[in-house]
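Note that the chains are named A, B, C and D in the order they appear, and that numbering of residues resets to 1 at the start of each chain.
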Amino acid sequence: MKKIKVGILGATGMVGQQYLQRLKEHPWFEISFLASSETSAGKKYKDAVENRWYQKEPLDNELGKLSIHSIEDIESCHKNCHFVFSALPTNAAKIYEEKYASAEIPEISNASYHRASIDVPVLLPEVNAKHLELIHYQQKRRGWKKGFIVVKPNCSLQSYVIPLEALRKQFPLKKILVTTLQAISGAGYPGISALDIHDNIIPFIQGEEEKSEQEPLKIWGTLERDKILPSNDIQLSVHCNRVPVMDGHMACVSVEFAHKPSSEAIIEAWQNFRGEPQKLDLPEAPSQPIVYKQEINRPQTRLDRMEGNGMAITVGRLRECPIFHYRFVGLSHNTIRGAAGGGILNAELIYKQGYIY
Amino acid sequence: MKKIKVGILGATGMVGQQYLQRLKEHPWFEISFLASSETSAGKKYKDAVENRWYQKEPLDNELGKLSIHSIEDIESCHKNCHFVFSALPTNAAKIYEEKYASAEIPEISNASYHRASIDVPVLLPEVNAKHLELIHYQQKRRGWKKGFIVVKPNCSLQSYVIPLEALRKQFPLKKILVTTLQAISGAGYPGISALDIHDNIIPFIQGEEEKSEQEPLKIWGTLERDKILPSNDIQLSVHCNRVPVMDGHMACVSVEFAHKPSSEAIIEAWQNFRGEPQKLDLPEAPSQPIVYKQEINRPQTRLDRMEGNGMAITVGRLRECPIFHYRFVGLSHNTIRGAAGGGILNAELIYKQGYIY
Amino acid sequence: MKKIKVGILGATGMVGQQYLQRLKEHPWFEISFLASSETSAGKKYKDAVENRWYQKEPLDNELGKLSIHSIEDIESCHKNCHFVFSALPTNAAKIYEEKYASAEIPEISNASYHRASIDVPVLLPEVNAKHLELIHYQQKRRGWKKGFIVVKPNCSLQSYVIPLEALRKQFPLKKILVTTLQAISGAGYPGISALDIHDNIIPFIQGEEEKSEQEPLKIWGTLERDKILPSNDIQLSVHCNRVPVMDGHMACVSVEFAHKPSSEAIIEAWQNFRGEPQKLDLPEAPSQPIVYKQEINRPQTRLDRMEGNGMAITVGRLRECPIFHYRFVGLSHNTIRGAAGGGILNAELIYKQGYIY
Amino acid sequence: MKKIKVGILGATGMVGQQYLQRLKEHPWFEISFLASSETSAGKKYKDAVENRWYQKEPLDNELGKLSIHSIEDIESCHKNCHFVFSALPTNAAKIYEEKYASAEIPEISNASYHRASIDVPVLLPEVNAKHLELIHYQQKRRGWKKGFIVVKPNCSLQSYVIPLEALRKQFPLKKILVTTLQAISGAGYPGISALDIHDNIIPFIQGEEEKSEQEPLKIWGTLERDKILPSNDIQLSVHCNRVPVMDGHMACVSVEFAHKPSSEAIIEAWQNFRGEPQKLDLPEAPSQPIVYKQEINRPQTRLDRMEGNGMAITVGRLRECPIFHYRFVGLSHNTIRGAAGGGILNAELIYKQGYIY
């Protein structure tokens, strides 16, 4: 099979680096274009990330030799790629994402800028694959033919939205109260000063609670002809904390259903849950998207974040809540499932459904 | 004023060390007896804690020269002390606390063993000073004249019970959902292995959720003639996490009242709150027991745990909750307010009320 | 090729777990026997390590089903294995290692107990493969036919001995002054209390400086007919610190040669260095055993410890020393190269040289 | 006694904050002027440091109400202060330190800019109080009457220079090889990204090794009529590491003397050492400037950094070195002794000697 050519916008940042690492042996996609801000443009990738390569594995030699284009060089991108991943910071996303899409380059974005746009799907493949139909209306509305924008949700919510999705069809959700414990890598680089987080908890992350409360309701929303109506029968409260761990966002969840299920039924639903990515056997999809840990003290951030190659959600500690029906703990890897891995899974689903060609 | 002589049971452990540090310049109390298990008995204190002195300040020279008695040597204790602090581990507390009380030595304990005993007050001085009247019934029931046992509550709950107490009289509480982020020093020494908590969150602490849910209801309970009836009109759910910080237990709280107050009224209630320790101007009492932080990202564990010399509770981030009425964050120092400092405050209140003589 | 059957003694401890993980897809070896102390004997492996599985990757399902034998059950071991890895603690190593060898089971050990025995090679395959000839004399002396004991060196020294070995032949060494910064995983489990190492440096590790100074001289020693004479022309001083990182032992090295080489010659020697494992293309051998980092601030513990799948040594910051000739920084992964990975490499070399059959 | 009025240049940064905290109850000095860059000028101090107050103790209420002047407002400074502390970053120090001194304002600086200037003393009060005579020549040479500049040395060297000074007179030093383990607070704020130092060691600090090798030789230098000749009979090699601790710089030292003393003589010299600050009984001076820890595993960073209110140097682990005569470990608090505390001690000595009036 001839590989699909992909570009990475914002290739030198932390999320860009993760795309590079994670795509280097991808069975379908092949990196053929890297773009960054003017400071890195023209350099070889390995020179541009010297002293700021943050991945555990060393940089691949061949990828290190690729030249970096200016983010302005949309023409080269158009010639070289079937689609792009956007790992741009919000400000740059605001300027360039529509430019690239207008140039008929499909765009799978990690940026938050378009998540609230009514014609842009916020895609979590195990949950709302059906929302991709909105691409047709987006293209029609905006006058694009091949170009479009699909965004992935904020990294904080995979740990509770996917486990709750596994229950939602059988046991409609009423109230969800979440407290997150989020890793420092979620803030990018340089991100948080060591002096701020060393031996410390910061019970606040700018804009994070809003995203963590609003995006799930859009993901669980109903697709009308040309827009998504957010779910309005679920109450969701999310408090977000920054904690001194490297990777892995944890969620402590209390949930009330329309009717209380048995705990056995919940665990069974988690273990049997399979979403569209599993049905289509997508390369990045974990075979078991939700892994229930029987041990009383799991999931733990460092021990469980790599489950399913960083793409599975681990859950544990299911027990009754004195106020709502149940409590549990969820965990997902914020820079894999919550960033590059999640973006690649989005791309695989979108490609498989024929939106990229 | 001639000082009251006090003993410390379990003097070499972490909490015992904290008592030692904190009592060395106490205006009312003077250390005159130290007891420990057989391994340390007979040694000088400084030799017994060599290589295991965990306090920030160096050990006081004079206190270091004190000899350690065997915990069995109740007679010496009786001769030398007006009362004792018990920093014994649960197993030892089970054996010795009643023995000491039977020997007519008043006992102010940090151990959890007697917290559920119906005739033993769980004292949080800003909240339930009135429960001390139970001492008379305890003495009568058990045939003790001067001896008694009063315990302090678990270190996890000060961060939410005291701020909620400040609201409770004006605005009766209905539902309280808490997630805690608790420091490693809460587990004592050696406590947690570095390999377990380094770069990790452990969403489980043995027995902690039970204590965190039950003890507040006893503290808020009604004193009947000879026992305390736990509050039965409040629903309380507490999820406990261990996080990699040295000191400071944080609580993320969602609360529903009988009637929703304004946020201004809540902040005012916090700022104006004064308990019995403040009214009596007890030496260990923080003049401002609850400190509300205006900054959007406070309280933070490392920055705020020492507020009020480690005895104040800091609160912040008061805001509406999409499910309950309000959300906020509370913080207390687990080894000061939650351990030795809290114990000393208990002793001061008890002494001032005439139970020790 | 039919696989060689291997056993693991001390299978449930941290090093034992690493052997299990690392051997699960080994091309030559296959795990067929697990032994542990009485507390775990009889259990399935997965039950025995429940709540104490410390590896990043989840436990392999098939290996989890293996039963654990008592360490006393040498007969079963003899029937089931061609050789064993010993990950026993020192006390157990003292009792059992000779018993297993007497039962004619070759033993490749991580324990320190036999490192000073004059007829036991301390094997670092890139350095002293030739010392394996001592096995014949060991067997003769002790009356063993197939059984023998070979030990691997302490985990602290790979970071400086291998880089210095690459220089030693061309540029004889005179004086080596080393300061190490060693990870918490080096102390095993539970090992170090979080309270001891959180936000702290401990400039002392029991017995470590002695091992770090003596073992290199034995490794660089001369094989006489029936014993190894430690090198006596090198002065070696090693100061050891425990630092709050998970994995990776770093060494800051100052070195004086008989004659001062150029820095180019040193870097070239490092880059071109290949030991016996590389010549034999052993499965566990890193193709490039020493990786020189050009960046001014490398190697760094978290970024570089996994170089060469955790088996390579990274070096950097080569520069002149105001007192000795040169200074540099070395880094090796203490639980891979310094423990299970190093042990497996030893086994591969020993097997390839025909000592196991 | 009427207090001396002092200003703080760079008052909002980390070191500036420490000056504020540490001076608030000073018996001789009183803060009467705060200056900062244009962004903070005109604000109240408490507003300027909101969300970036990094001290353990809350900001003093009265000091928080002080207004911040522009660093350009030298005239106000002249009117309000007898002298200033400069906590300016290097770039600003380059511009403003001479301006303030030209305006006849004595300046005690933490900045590195003037440390190599031949007419500027690098003052470590226990070591080279005599170098203050250079102030006369500096004033003469530069045409200043009351103004002058004295700088304090880099924060890395107190941990080894002071202990070595205690030995130097009796036992002349020949070779000193040091490896430092330095805290993250040494890099200021925001300083180091959490992603760079979390679970990591960085074996490089920009410019630090040069300062750590050159400044001690100037401090130990000989005062000629109008300049300081650096010591040329000591060889000094310093390797610097950044480690994940909050505060406290540790040094692992190997030292060779002209003649080898006994270890008892060394320990005695440390315990008996008193410098000019102790003789003059300066308020900031620790009564015991060097504290020798008998325990085999001390000093430890978290446990010992506050010794002598953060102003004492703790040493330990004195033992023979296989290459040089002895090895030991030194520790000093980098933001107290190494920054504001050290600056205040400098000011006290300078004031006591009559250079400020």
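What we mean here is this: contacts are C-beta pairs under 8 Å (C-beta built on N, C-alpha and C of every residue); 3 or more make two chains touch, one makes a residue touch a chain.
Since the model is a prediction, treat every value here as computed from it, not as a measurement.
In terms of the stated touch criterion, the partners common to chain A and chain C are B, D, listed by label.
Among the remaining chains, those touching chain C and also chain D are A, B. For chain C, the chain whose average C-alpha position is most distant is B. Distance between chain A and chain D, defined via averaged C-alpha coordinates, is recorded as 48 Å.
Centroid to centroid, with C-alpha atoms defining each point, chain A and chain B lie 43 Å apart. Chain B and chain D have CA centres that are 40 Å apart. With touch defined as above, residues shared between interfaces to two or more other chains in chain D number as follows: 54, 198-199, 244, 246, 296-297, 302-303.
Of all the residues in chain B, the ones that touch chain A in their complex are 175, 177, 179, 181, 198-204, 213, 235-237, 239, 241, 243-246, 248, 250, 252, 254, 296-303, 316-317, 321-324, 327, 329.
Across the complex, chain D meets chain A through its residues 14, 54, 184-185, 189-199, 244, 246. Contact residues of chain C toward chain A in the complex are 50-51, 53-54, 56-58, 198-199, 295-297, 302-303, 306-307.
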